[in-house]
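Each in structure tokens, the structures are laid out below.
There are two complexes below, and they share chain A, which is joined by chain B in the first and by chain C in the second.
And now, the complex of A and B:
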């Protein structure tokens, strides 16, 4: 068991983080290069002020018309994304691993709070699954890959929850949890999860075009 | 006056003895089944399971200073040991300097040895089981 644990926690974690960081940089640079080549107008109209103004209105719940029209979706998606980012980064057990490996550490959430946040992420995944299966406007643009991506996101949280509570097969769930986390990290730059990288840019460009070209609000 | 002074001295000595003796817990190593350290206060996880005698028998540890070490100028002193003092006397809970913080000291000491020997717990839940009884048994089996 030492061997398997050390493998997923050591070399495989390195591979996952290198692919995540490298892939993210690659996608960013590729996006800029393609935009320069095919859609240079993006750079001409890009405005930092209008870009940030738009991001500001979309990063706050109910600060834009779209989110007011879909209050339940807004609450779920905000809770989901906050928990998705904060719980793993501020998790005591994860920070201890950073400290153990690199001697760096930061503030951590109480474990009980992180536990609830994990449930919020899992609940969010179930909500998104239900939405994709039943809501016509989403169902129409849903492909098999979307379900795979949902599973990739849900897996580290489900396995992490089971490992944390140590109900049955602790080490099995722990190793599966580490693997699931690594799969998700690698999937971020190479699947539609790349909206994590792209969303600030698409939002900022929309804001720029609406603000400085159409002189209209985009929220 | 002199008699009063002697009486006072005896009284003070007796009081001091009572205070000192009652503050030293009557621990023997056979009693230790977990690494509960008061310095931590209320921890988020249960204290690490550690059956002192069974562990050392299984791990064939005879020298106390394998764990109860003494460091001077960053070097381990080979023929000295520190089982008469608490880990937290040197390892502060929050500020580590010049030693490791208490939790890191425990984690590093236990895990590094388990890693080297390729036996014994190295993951969170193996040492800090939520259900103490069942997992203590598992930990003892040396997975």
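And now, the complex of A and C:
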């Protein structure tokens, strides 16, 4: 068990981070190269001002019509995404690992708050699962891969929650948690989780077209 | 109306007979399909399509943007993302190895169940441009020869005559002369100047105006005359600004048509082109055609009729004699509202002309599409019911205003709304801005 822990905590973590960072850079560079080669129009019409204007209207809850039309979804998805990003980065246990390995640390969340945020992420996953299973417009465009992606996102939070509360064997959940986190990191550049990488660009491009060419609002 | 049914393993939510689709599909082979799909995907698409497909998380948030989806009681097969699922995702996943029946359904979706109005782009949190994806599907269908028959015929007309309606070279000046003579009975000094080099403005219209809406030419001439403008119309091909080849994604023809239009304006050395109340023509001149010809923006300034009337009223060149009394509402056409942001100008013009203006909800960029644009009405009678059943929300939206007149500053919207008004028995008149402006403006030169 201890050897396995050292393996997932050591070499495997390196592999996961290298694949995550390398994969993200690869996807970004590949996108820019192919855009330069075959979609130059994207650069011609790109506008930083209108791109950012559009992004602001979509990263602020209720700042666009669609999010006002769907208040429950908006609250869930914003809470989900904020917790998804903030909880792992600001978790005391994670920062201790950074400190232990590289001697760097930063502000952390109180443990109780991180615990609630973890539950919010898991709750968000359950909500998204419910939508996929019951809402016809979502169900119709749901593939097996969508459930796999949802599971990849939920797994580190479920296992992390169980490890923190030390039910049924701390070490076991901890190793699973680290593994699940590594799977998720690697999955980001190589699955539809890539929306994390791409969405600022798609949003900014549409914002540019609407702002500088169409003189209209896209929210 | 045929109910939804499964044909050769492909689900069709509507089944209509159309010679272009039916006969075209019979000539398809799997090899040809595979070759064309890959040729278009590899040769003509790049980062946008790839990133759009990889970024979409299948969340379905675009659904409520679509009038087809809303009008069909939220039938999921009409949701924007569902249209991508039933077309592009499958083509990419199977690397072009899809069946002829699949392609027939893909053509039906892209050409008749999507108006490329881009409302969904405003509902996708990532700003994914589904209209663009549907255009790529249309492009593939164009190469495969499975474009619906009526719109294909229109594209042929563009290719042969450089206008949309097979108007012959002598019929065009003939119609203008006839309208000029008629209008001179009202304003004796009125002229429709042809081929006047160095005029300030070239006025261009769409093919249907000389074909069956000649009174619009009359009204425009009265407006130009009254405002005292130095204007002209070309007597040669290039007078028509419309472009159905843009909607069949026959980009080569679109480029030819737009080049002739711009070159005509350059030949006449005009300062700007003013165009009649048409939406898609504006899109083709302002957005699609110029880009195909590698002009970032239009090479000659193009002013849509809304902006033109706005400037005339604002500057006092046209004055209102007596406001229009009947209650009116305004339909915001996608190509000049979402496409050019003319909504406040349109409201200024309507409020100047009319005493009782009532907003539709939602409005401006968020207005529901007319369901006729994007070439759908040009797919002709076989798909009329697609438009009627696909836009109940528009009928409800108009009815809720209680207005007696619906102003639509776009030809496609105008014709589509007339069909909707009659199908849903709304008892509303659909009018162009110029219909009302002509009626309420001061005409000092009139006898």
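Going forward, the second predicted complex is superposed on the first by the 219 of 219 C-alpha atoms of A that agree within 3 Å, B and C clash if a C-alpha of one lies under 4 Å from a C-alpha of the other, contacts with A are read in each partner's own complex, and residues count from 1 in each chain.
Simple rule for what comes next: a residue touches a chain if its C-beta (ideal position, glycine included) is under 8 Å from a C-beta of that chain, and two chains touch if they have at least 3 such contacts.
As the structure is a prediction and not an experimental result, all values here were calculated from the model.
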*Assess the superposed three-chain arrangement around chain A: do chain B and chain C clash, or do they fit?*
fit
*Is A:81 touching the first partner chain B, the second partner chain C, both, or neither of them?*
neither
*Does chain C touch more residues of chain A than chain B does, or is it the other way round?*
C
*chain B versus chain C as contact partner of A:5, first or second or both or neither*: first
*In the superposed arrangement, does A:68 touch chain B (first), chain C (second), both or neither?*
neither
*Classify the contacts of A:163 with the two partner chains as first (chain B alone), second (chain C alone), both, or neither.*
first
*Can you give the closest approach of chain B to chain C, taken over C-alpha atoms and in whole Å, for the superposition?*
36
*Can you pull the chain A residues that chain B and chain C both touch?*
none
*asked:* For a test of understanding, state which residues of chain C touch chain A in their complex under the given definition.
replied: 45-48, 50-52, 54-61, 63-65, 69, 74-77, 79, 81-82, 85, 121-123, 125-129, 287, 291, 296-297, 337-341, 343, 362, 365-366
*If you look only at chain A, which of its residues touch chain C in the complex?*
31-32, 34-35, 37-39, 41-42, 44-45, 54, 58, 64-66, 69-70, 73, 131, 135-143, 146, 192, 194-195, 198-199, 201-203, 205-207, 210, 213-219
*Contact residues on chain A for chain B in the complex?*
1-2, 5-6, 92-93, 96, 99-100, 110-111, 163-166, 170-171, 174
*Contact residues on chain B for chain A in the complex?*
44-45, 104, 107-108, 111, 114-115, 118-119, 122-126, 129-131, 135, 143
